[in-house]
Amino acid sequence: MSASWGDNLRISIFGESHASHVGLVIDGLSPGKKIDFEKILKEMHRRAPGKNSLSTSRKEEDYPEIISGLFEGYTTGAPLTLIIKNKDFRSKDYSQLKDIMRPGHADYTANIKYQGYNDYRGGGHFSGRLTAPLVFAGALAKQFLEDEGIYIGAHILSVKDIRDKTFSQESLTREKFEELKKSSLALLDKDKEEVIKDLILKTKRQGDSLGGIVECAAIGVEPGLGEPFFDSVESKISSLVFSIGGVKGIEFGSGFEMSKMKASQANDSMYFNEKGLVKTRSNNNGGINGGISNGMPIVFKAAIKPTPSIAIKQDTINIKTGQNTSLELKGRHDPIIVLRVLPVLEAVMAIALLDLLKSKKF
Amino acid sequence: MSASWGDNLRISIFGESHASHVGLVIDGLSPGKKIDFEKILKEMHRRAPGKNSLSTSRKEEDYPEIISGLFEGYTTGAPLTLIIKNKDFRSKDYSQLKDIMRPGHADYTANIKYQGYNDYRGGGHFSGRLTAPLVFAGALAKQFLEDEGIYIGAHILSVKDIRDKTFSQESLTREKFEELKKSSLALLDKDKEEVIKDLILKTKRQGDSLGGIVECAAIGVEPGLGEPFFDSVESKISSLVFSIGGVKGIEFGSGFEMSKMKASQANDSMYFNEKGLVKTRSNNNGGINGGISNGMPIVFKAAIKPTPSIAIKQDTINIKTGQNTSLELKGRHDPIIVLRVLPVLEAVMAIALLDLLKSKKF
Amino acid sequence: MSASWGDNLRISIFGESHASHVGLVIDGLSPGKKIDFEKILKEMHRRAPGKNSLSTSRKEEDYPEIISGLFEGYTTGAPLTLIIKNKDFRSKDYSQLKDIMRPGHADYTANIKYQGYNDYRGGGHFSGRLTAPLVFAGALAKQFLEDEGIYIGAHILSVKDIRDKTFSQESLTREKFEELKKSSLALLDKDKEEVIKDLILKTKRQGDSLGGIVECAAIGVEPGLGEPFFDSVESKISSLVFSIGGVKGIEFGSGFEMSKMKASQANDSMYFNEKGLVKTRSNNNGGINGGISNGMPIVFKAAIKPTPSIAIKQDTINIKTGQNTSLELKGRHDPIIVLRVLPVLEAVMAIALLDLLKSKKF
Amino acid sequence: MSASWGDNLRISIFGESHASHVGLVIDGLSPGKKIDFEKILKEMHRRAPGKNSLSTSRKEEDYPEIISGLFEGYTTGAPLTLIIKNKDFRSKDYSQLKDIMRPGHADYTANIKYQGYNDYRGGGHFSGRLTAPLVFAGALAKQFLEDEGIYIGAHILSVKDIRDKTFSQESLTREKFEELKKSSLALLDKDKEEVIKDLILKTKRQGDSLGGIVECAAIGVEPGLGEPFFDSVESKISSLVFSIGGVKGIEFGSGFEMSKMKASQANDSMYFNEKGLVKTRSNNNGGINGGISNGMPIVFKAAIKPTPSIAIKQDTINIKTGQNTSLELKGRHDPIIVLRVLPVLEAVMAIALLDLLKSKKF
């Protein structure tokens, strides 16, 4: 099955882009946590479209409504349910897409899997809109993690082939994470901002779209989380990350680069620091050894493909007629989803870490 | 928890390198399948060490003993249990490693997680030896998959920075897969064989080790397997792949390269072929859209870090004394595990696909 | 964790009596099933309170709103989500119950488990109101089961010590099931109707309440569903049945009576009937051997305790003051919940059987 | 699927009566527990057959071999695996039973479910022999529970219609539990011993068999374990109990009797005792309210049907020929399994409670 994830924290996601709601149920939250609703709205705003010229002009009012599990502002310990009303219906935009499969999208695979009964409007259950509840759940999870001194941040590591700096010891701080959250373009190297904006706007004018890489990190994670089989920290995080549309790769620490190193370079040598804490000089392993956190920052990079919806003519099929055809998409599309996926990646990392933390505490 | 994986096929792994056995239980196998034991032994032999100068000279006799779930040569449908006796005990080799943590290994994280009670000998539960039962399970899964016309193959895509060709339409065939299985070094571009062997032997003499990338593919997979949330084909495969020691990254299709493409290039345009089957002209999405198989070959690449065990002196810690120290490992070690991990990656891909297939059939 | 159940069908329940909604998510429903909404409302009406003098006069408008997973009247295959708005708030009724624990209820255990943060109003997450979404899910499940020729029915086997007949071959028919659903008091022996009604009304006047036993059966279940370990048909059904408030016992077939038989009497002797189908002469095993359905009707009986809410003075504790105290409950309470639990038991049996059916089909 | 159970403790059972081994994997045990092996053997001896004239004369040497998860006598925290070699092969005894289905047994349902490929010898995977690993796991679980002050005991409540006393406050003590474990017939009312033994021996001579009821209890369980949905204490325990062959009913506290009470009698009134602990005057709810433990002893009764294997001629079917036939079983059979099931019920209660305890501790 599918729509349910987790061991000691369990999220069950639901909804379609053009059904009445999207939402999720979160089970396993500790009782007695006062929820900071404003913080949640801020996180959801980061994902929301229509903020500026770099994303689609569609407006979504992602107002989260909590319909269970909260009493007088505190979590009750019973399942917490979120629903978000879908508002911006323009079903006519999608009517031609019932039979003509958009390349790069899940139209064809959904049609096969659900035998043609899937709600195809706006991508239905496969819509990026489903990431709104994930961001909500992540915002909640972050509040619990912060009680344990764990903070999560992310930045755009690359857009197409324009590359930002990677996280360093200096930039892996709570302050930098806050600063990144506030910037319109979350970059460590601010000099790249203009060239990236220009590229996005130029690509938008071409009716095309861009991909990129996001680097995401958690600091303050104690050693000992995760399992050798089959709930490694990497397994847990990647199983959620690969549920986000558009992600095609993930690497931890130095990842693919590490395959080019010799062990004498790759092995992170260990030492006790002046406070008696175990540290490693480098962090090629991304804070994880043998599937288990080692106390260093947990770092991953995720590759995001270019938004499949483009205005350029593409070859494709009509599933009803069985004919080859072509397609030119109209409407408002994201020239790049990397910016909006960034808070989603933070969110699922938070969900994964909270589950791991809860699984450890016995 | 950990040691159990899967929805409609479930494997439960157990064992430590120097305990009496390693093994696993496989639940959910259909009854009535005649097991080809010789094929299983061949697959296990591919993973076994001590075959030539490119791997450790340790000999492991991985003779798999099936103690339940098989009756008169056929699967019964009840849980099938495999045990493999551990034979080559040299516990003295490891006695110094009780307190001195090997960099790059799970010694420290295991010590923390299990509060010092882990069986540290030879890496214990974290030992590469645990991949022997996985290869067994994969060999079984392959026999079921072949009944459905699904075949799995893999090759070494790179060793350090020496790179093989990637899979193409021509090399994604059952015959090529068989050929790769038989070669001592599974390469598509045979011209790279000598230079890779030389590099491995040279690195071995230096007491150092190498990493690399493996490309793994499945052909014959019908469209419609997998789920949007949270059991995407990518999630299922990656959750198993990241349980294999040394894997630090995974990408599907063009993966990280796709983040540098524009959608007009990245989108795999679709067409009905002459037989009326839906195909895509390129396969940047690696056979998966929206988490669901699209009928094209499923392809992933996994980054393997260099074997952490090296003869070169490294800085590290003594967990008992709380002192910084250094370590020079003796003994027989793999100069590269990429070759031996290759059949393990095939195996877990087979396990993941069989589970997905079983989860679909209703 | 808790609020999620099932293997190939998964339900995730949520809500509190006085929060804004109760509801559930059902994942794993096959796509393309046209839902008969009227049938669902009929089932929900059977459970609803306020219908006559035999139950509480509280009115609940259990109007089920489907907010995902349904498109143009057909299931999409994506998670189907139901929400039911809570309307009849009388929170003042419950204000005294924040600290005074009602005997027989979950007030104290909820307070301990959720550290005082549980929504105590009206029983919160423990309220019988949570069975409304279960009845909805069961009504859906029944529509899928009926496509497979499986029908479910139930009757009141006893109220206090007044006993109805048990199901016999003659009464285990689809027609009888329909008849029972329509009766105000679901009895096989209509002669018991008056005496039972009198007893209920008399007990109501005394401010006390009654328990009873429900017998529930499914016909048309093919042999071969269920598992020896740990998903026996009995395990699956009982794990759901014991989530219904007030159930304190369950037995399959002849159950506890069977412990008094000798095997020569208890063993259900087998034969091929004239159509070549395997049948048993008796059905002491309730259609299940070794945890697996044998093709005979599946029959269980569930013991329901008397509604704990009574108007009679009871000794109890004040959890805040740490003092012993006493309690006299005001308000509208069910003099017996057996009648209203009956459709809930049918519902969870339907859910369990649909999950078992889906788990078998591969 | 089936053979795996639990959330924060996970057991995976395997084996067939006449395959080489039976056993299980236990995952989730805390590291660092010194195992008292002698205690485990004692528990297993309680279940073993061949001890006296009241059970089958078959001798099983249930010597448990731990092949993983134990290091220098302590649990490592990695999965602990137990295997027990099957020794007493008399396959010829069972050869006639390949096609002739024993009434009351799982022969027919196994044949259907596994399409004729099940290992039919001695009941195969359905054999009572599979309870040996459960008793082992339970013995382990008990050692962990005792560290938390939790003790489990059981007695024979009835054999056919001869009834023992039920547990009372006086008999719910650790000392009484120990005493019961040592008796050849675990009865509270010793006066019933002779009459029960006589009945068993008489029934044995008739070639028939008997059923009965076991009452099982746990003392020292803290309040707050379990969940409202769907992991109530009752659900957890019953899902395991119904995996034991021969169990056809379970009730908690006063169970079915409670359905005959009025609430004024059934509700367990609450008070603070002199130590300020919350207690109830009666324990009709068996220590559980709303699915959650309330701090009182947890008590359940399980109904065991008479052993289906009898020497008396029975009507049945030949599945191969499609003919009705009859069957007279030869060989050594238990005249009653109640005595041997008793330690199994204790064991699964221990497993369920340890899982619940682990699930609570966060």
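Per-chain residue numbering starts at 1, and chain names A, B, C and D are given in the order in which the chains are listed.
Keep this in mind: contacts are C-beta pairs under 8 Å (C-beta built on N, C-alpha and C of every residue); 3 or more make two chains touch, one makes a residue touch a chain.
Not measured: the values here are computed from a predicted model.
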* Kindly list the shared contact partners of chain A and chain D, in label order. => B, C
* Asked: Farthest chain from chain A, comparing Cα centres?
  -> D
* Structure fact -> chain B to chain C, mean C-alpha position gap in Å, rounds to 47
* Asked: How many Å are there between the centre of chain A and the centre of chain B, using C-alpha atoms for each centre?
  -> 26
* To do: Compute the distance, rounded to whole Å, between the mean C-alpha positions of chain A and chain C.
  => 40
* Would you give the residues of chain B that are in contact with at least 2 other chains, written as numbers and ranges? => 1-4, 7-8, 13, 78, 113, 125, 228, 359
* Touch list for chain B against partner chain D, complex -> 1-4, 7-10, 12-16, 19-23, 25, 27-28, 31-32, 65, 67-71, 74-81, 83, 113-119, 124-125
* Of all residues in chain A, which touch chain B in the complex? -> 1-5, 7, 13, 101, 103-106, 108-110, 112-113, 125-126, 130, 158, 160-161, 203, 208-213, 223-224, 226-232, 234-236, 238-240, 242-243, 245, 247-256, 258-264, 266-272, 276, 278, 280-281, 284-286, 288-294, 303-310, 312, 314-317, 322-324, 359
* Structure fact -> Residue set of chain B touching chain C in the complex reads 7-8, 30, 78, 228, 358-359, 361-362
